[in-house]
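The same chain A turns up in both complexes below, where it pairs with chain B and then with chain C.
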Partner chain A sequence: MQARLNPLTALAAAAATAAITTAASSWAVSLTVVLGGAALAVRAGVAGRLAPAASVILTPFWLSLLIMHGLFFPEGRTVLAEWGAVRVTTEGLGFALDMGARTAAYVVVFLLFSFTVRVPDLVAVMSARRVPPQFGYVLASTLTLAPAISGRLTRIRHAQESRGLVVRGGPLPRLAAARLQMVPLVLSLIQEAGDRAQALDSRGFNGPMARTSYREVPDTAAQRTFRAVALLLAAAAVALRISGQWPEMQWPELQWPGGVPA
Partner chain B sequence: MRPAPLLQARIAEFSYHGDDASVLRDLEVDAVPGTHMAVLGGSGSGKSTLGRLLAGWLSGGHAGRFRGSLRLGAAASAAAGDSGPIIFHGAPDDPRINASLWSEHVGYVPQDAAALLSTVGSTVAEELAFGLENRGMDRRLMHDAVLRAAEAAGLAALLERDPATLSGGELRRLAVACAAITRPGVLVLDEPLGSLDEAGAVSVSALIRGLTDSGTAVIILSQTVDELALTAAQWIVLDGGTVSARGTPGGLAGSPGLLQSGVVLPARARDGSGHVRRAAGPDPADQRRRTEQHRLTEQGHCAGTATRAALELERIAFGFPAGRRGKGPRVLADLSLAVRAGEVVAVTGPNGAGKSTLLRHFNGLLRPDRGCVRIDGADIAGIPTGKVADRVGLLFQHPRDQLFERTVLREVLFGLERKSGPEAAAKARTALAAVGLGDQLESHPHELPASRQRLLALATVLAREPKLIALDEPTVGLDRHGLEHLDEAIAAAALRGAAVVIVTHDLAYARATAHRILELREGTLREG
Partner chain C sequence: MSQQSLILPAPGQGALRSRRLLEVLGAVSIAATFTFLVLTQPADITNGLASGSTLVALGGFLLGAILLIVGVLPTLPTSTLVLIPVALVLNIALGQIMGSTGLPFYFDAIGTVLIAVLAGPAAGAATGALSSIVWSFINPTVLPFAAGAALIGFLAGLAARHGLFRRFYLAPVAGFVTGILAGVVSAPIAAFVFGGTSGAGTGAIVGAFRAMGDTLLAAITKQALISDPMDKAIVFAVVALLVYALPRRTTLQFAFVRRFNVLAGKKQETPDA
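So, the complex of A and B:
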């Protein structure tokens, strides 16, 4: 199912969802988007990769939100607890929840996109849209960089272990060992980048011609319509929010007294 | 009448920046359509530099100083709007060759064929199409061209495969096909048969013959007189960056120019290395005891008795986790092996049989799913590789995977100080001298020619004086001098009582060097 989607459709859906979630500024909408994203991730079989990646990004962010807004929120009026300058207020906690949920929605939506998009499809679509091929190449290389680097690191570590480097379990010893692998890693990546640049040149990559694409990426009238509608909805939502005409919804308990700070 | 050359190179001198010594000098190469020429030379003779120069990768004064000229054939020159030679004076403002345009006339496949791939093509078909996409070819024409190229290269059944999963021979054919797909008149191929097993070499040779028959001028750079070199119309022998002999294969066979160069001659593997076997061969009584011991080991259990064998593998089984190497059968299944001190054992088998996987079990880089590995009678289960490395030295298949330091000397010293203390520096120098790198202590490992990179990797193993030496395809990329150093190192190690296991696809080398030959097939070892 995912593989047949045009990457632009998936990208439009992700961008529109993010824009509408921002415009809605509601923790309930954000949480719904997160849950929807999680359900799609499970269905696409990427939940196992998405969950750890999302938690690595979100955990420190949520902690900082909690400290910044949960403990220090000058506009807060309903004080739940107070220690000197530190005041825990309902409004502060609510703001942290709203921001946290909204960020979670962005992160889940864009991770879902990057884990399900077929990189060659995306590059092919971009080159068909006359995006400079260098941009597509950098994007594709970036999306495939992590596995390439981890493979290289493993090879360097194996070489070092074979010559007496003892790597013990546990994160700290592994980190200490990784320090020894950083210089060779960077040097070998630079070396390879130089070789690769010459090889790409010789295959006409920086040539003067307009690039064509071998890969045919499926697209349908329905998908084109969906993209147009999604982008229109996103634009409308942003316009409504900016103009102050956004219809306020009544959410129990955590609704802001004077509207949500944008 | 001899057809006009498609490329004429006149090289007065070429040297890299930061190095006064010239890498190439007084050299002329003419690429004639429909012919096949072999440029032969040992390590450091300048072959790869010549290849890169012909490919237009070293022009314009940014890589080095080039005095000489390059001239495309009449048709190509006319297409480029210029009929004269491109002249280089070794000055910073020398003309720069546009590699993209040049590659339409001169295709080049470097020694490391994988370096030519774009890495963004998710299938063989897309990788083949990359050069055509960049030249703006219409999609329908491109599909036809990809199909034709794949058929010529024997890749038609692999079009939908991920290039990262190809075997060595398939990868090399893909790289040649990628360079040939834009139909350049001249193709320069650096060590096209290096590291290929027999089936791989046959398939690449067939592809190259097809290209020559269709009118391409093919220039092979090689340090071995292999079957491909033997079918060339002309040989140029390079030594020290210049031509030491030139002529037909028949005329040059046995000539002093060829014999004095580092080129590996076809008969070498069969008669060269007997001294290893003679010097260190166990006597027949030992052989009988070993066979008996081997049988007992095969019947025993993991916690069994310690024996005198330097290496014992007892009924080990191993498979890569699903998803990393696909599903497939176990790579190693119920495999047993015992190697005694002073014994040289060769393990042969085709590319992809699991030979490298087997070697990585010796020092614990890979751990068996079942069975046990004993070094000097002690089970290595639970002992970190870094500790096992005190007794086991492993030469990797790709030296680049093994080299990570800034200088040759530092490379050998890594981990050696912890093992050998104050003697480390002396041991490092001795090991480097033994492989012929005693005068290159401060060179950067990545800047050495491939042959010397392998010798450096070998020195890192020798300096540690391990009880077991495991060598993964040690002959690949070595020139004749390098092979001599390798033979001497193996003989010396066996004499001091080290056990040596060599993995090689080169059966002739295995016969000449080892006391015992085993074939790895379907996950187990059989007497060869």
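So, the complex of A and C:
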């Protein structure tokens, strides 16, 4: 099931969901999207990787929102607690909830896409759609290079430690130790990149000719229709919001009889 | 048998012109979005999420970044292209490490600035935008900052072209100025899309300005003006160290370095001394 999904369909679904959630801008919609994304992740079997990845991104962000808006919110009127400059207000907490939920929806939806997509499929589909082949190269190469580089960094550190490198002390020795590891790493990476450039050039990588691909990515009429509908819906939601015609939902708002207190 | 030429045809003048057009359109899209956000001043985002502005900011900046990538990428020589993944991994690795320390810096542009110094402003801008797009596969919150990252790459390339990397003390100055501009461009994204910054350290600074009664956009812009120039000054200095640690054989492979005398060499230094 998962394997038959065209990468473009998943991408269109993720982008449309993110756009509609942003246009809706209500914490209820955002939380529904997060729950839906989590259910899909469980079904696709990536929940075990997605949950830690999302929490690493979202925990500092939520903390930061709480510090920023939970404690300081000059526009807030309903003060719950006050210590000197710190004012905890209902409006501030509500704003933090709105923003936190919206960002969580956005993070979950796109991580779900990137954890379920097969990068070779995505690259093949993009080059069939006349996206410059260089883009596919950069994308695939970066995602495969990252683990290799962390392994290389460990080897360099071991090599320098065997020559007497000890990381301790104040900032200056630490900086010197970082330099002893960074310079060999960057030098070897640039040297290797030069070798790869020759290999790619000799195979006509930069030529303007169209290329054929061994990799056939399945696509169905139903998926094409789904993509069109999803993108149309997203465009409609964005147009409604930007033109100011979005139907506002009525949330229970705090009313101030006799005007707003100063 | 076949009479087909085995030599790859050179790209025509028309293709080159349409690439140029895409680059210009990308830059115009980013500039127009920023102008719109500054002029309409949806200052009271805190009274409603102002998601219209959010959508305009996201759409305009992303469109500009994508146009820049499509316009620049096919024109780059292979020797530059293969460096881009290396630069992106450096950006991502250092950015992740810095993001986890809680300090109010980012350090996520070392690779971008390195490419810009070696291969010029256009390559730098494309690398910055690509960095955000590829990184978003791991951390989707960096995607909206693609335009700011492209601006950093472009300005670093300009600085290199005008010889600011020939003197070691000039590189951090160029970084400082770049940081001011990049911070001003990125602040609306942080404010409208995320309602704040993503690190605990930067969040505390924004909170301090909010406590003095600033609007959210003003507070985030001031925070960016504290963090970004320092951050970029350090990044430019680190890149200057790295570039001078590279063997000249490697740096002189790049046509941009040769043409604009980006790095001080023995030949350039003697007349000045």
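We adopt the following convention: the second predicted complex is superposed on the first by the 215 of 262 C-alpha atoms of A that agree within 3 Å, B and C clash if a C-alpha of one lies under 4 Å from a C-alpha of the other, contacts with A are read in each partner's own complex, and residues count from 1 in each chain.
Criterion: a contact is a pair of C-beta atoms (placed from the backbone, for glycine too) under 8 Å apart; a residue touches a chain by one contact, two chains touch by 3 or more.
Keep in mind that what you see is a predicted model, and the values were worked out from it rather than measured.
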- Query: Who does A:S114 touch here: chain B (first), chain C (second), both, or neither?
  - Reply: second
- Message: With both complexes superposed on chain A, which partner does A:V123 reach: first (chain B), second (chain C), both or neither?
- Response: first
- Task: May I ask you to decide whether A:Q191 touches chain B, chain C, both, or neither, giving the answer as first, second, both or neither?
- Result: both
- Figure out whether A:D201 sits in contact with chain B (first) or chain C (second), or with both, or with neither. both
- In the overlay, answer first, second, both or neither for which of chain B and chain C A:I156 touches. first
- Message: A:R215 in the overlay: touching chain B, chain C, both, or neither? Say first, second, both or neither.
- Response: first
- Which holds for A:P173: it touches chain B only (first), chain C only (second), both, or neither? neither
- Touched partner set for A:H69, first chain B, second chain C, both or neither: second
- Query: With the two structures laid over each other on chain A, which partner does A:V138 touch: chain B (first), chain C (second), both, or neither?
  - Reply: second
- Note on the structure: Per residue count on chain A, the busier partner among chain B and chain C is C
- Residues of chain A that lie at the interface with chain B and also at the interface with chain C: 137, 141, 183, 187, 191, 196, 200-201, 204-209
- chain C - residues contacting chain A, complex: 8-9, 11, 15, 44, 46-47, 49, 51-52, 54-56, 58-59, 69-70, 73-74, 76-79, 81-86, 88-90, 92-93, 99, 102, 114, 130, 133-134, 136-141, 143, 194-200, 202-204, 206-208, 210-211, 213-214, 241-242, 245-247, 250, 253
- Item | Residue numbers on chain B that touch chain A, as the complex places them | 55-57, 99-104, 108, 110, 112, 115-122, 125-126, 129-139, 142-143, 146, 178, 182, 360, 363, 365, 384-387, 389-390, 393-394, 396, 400-406, 414-416, 418-419, 446, 460, 464
- Task: Spell out the part of chain A that touches chain B in their complex, as residue ranges.
- Result: 118-120, 123, 127, 133, 137, 140-141, 144, 155-156, 158-168, 181, 183-184, 187-188, 191-192, 195-196, 198-216
- Task: Would you tell me which residues of chain A are touching chain C in their complex?
- Result: 19, 22-25, 53, 57, 60-61, 63-65, 67-69, 71-75, 85-86, 91, 95-96, 98-99, 102-103, 106-107, 109-111, 114, 131-132, 134-135, 137-139, 141-143, 145-146, 149-150, 179, 182-183, 186-187, 189-191, 193-194, 196-197, 200-201, 204-209, 238, 241-242, 244
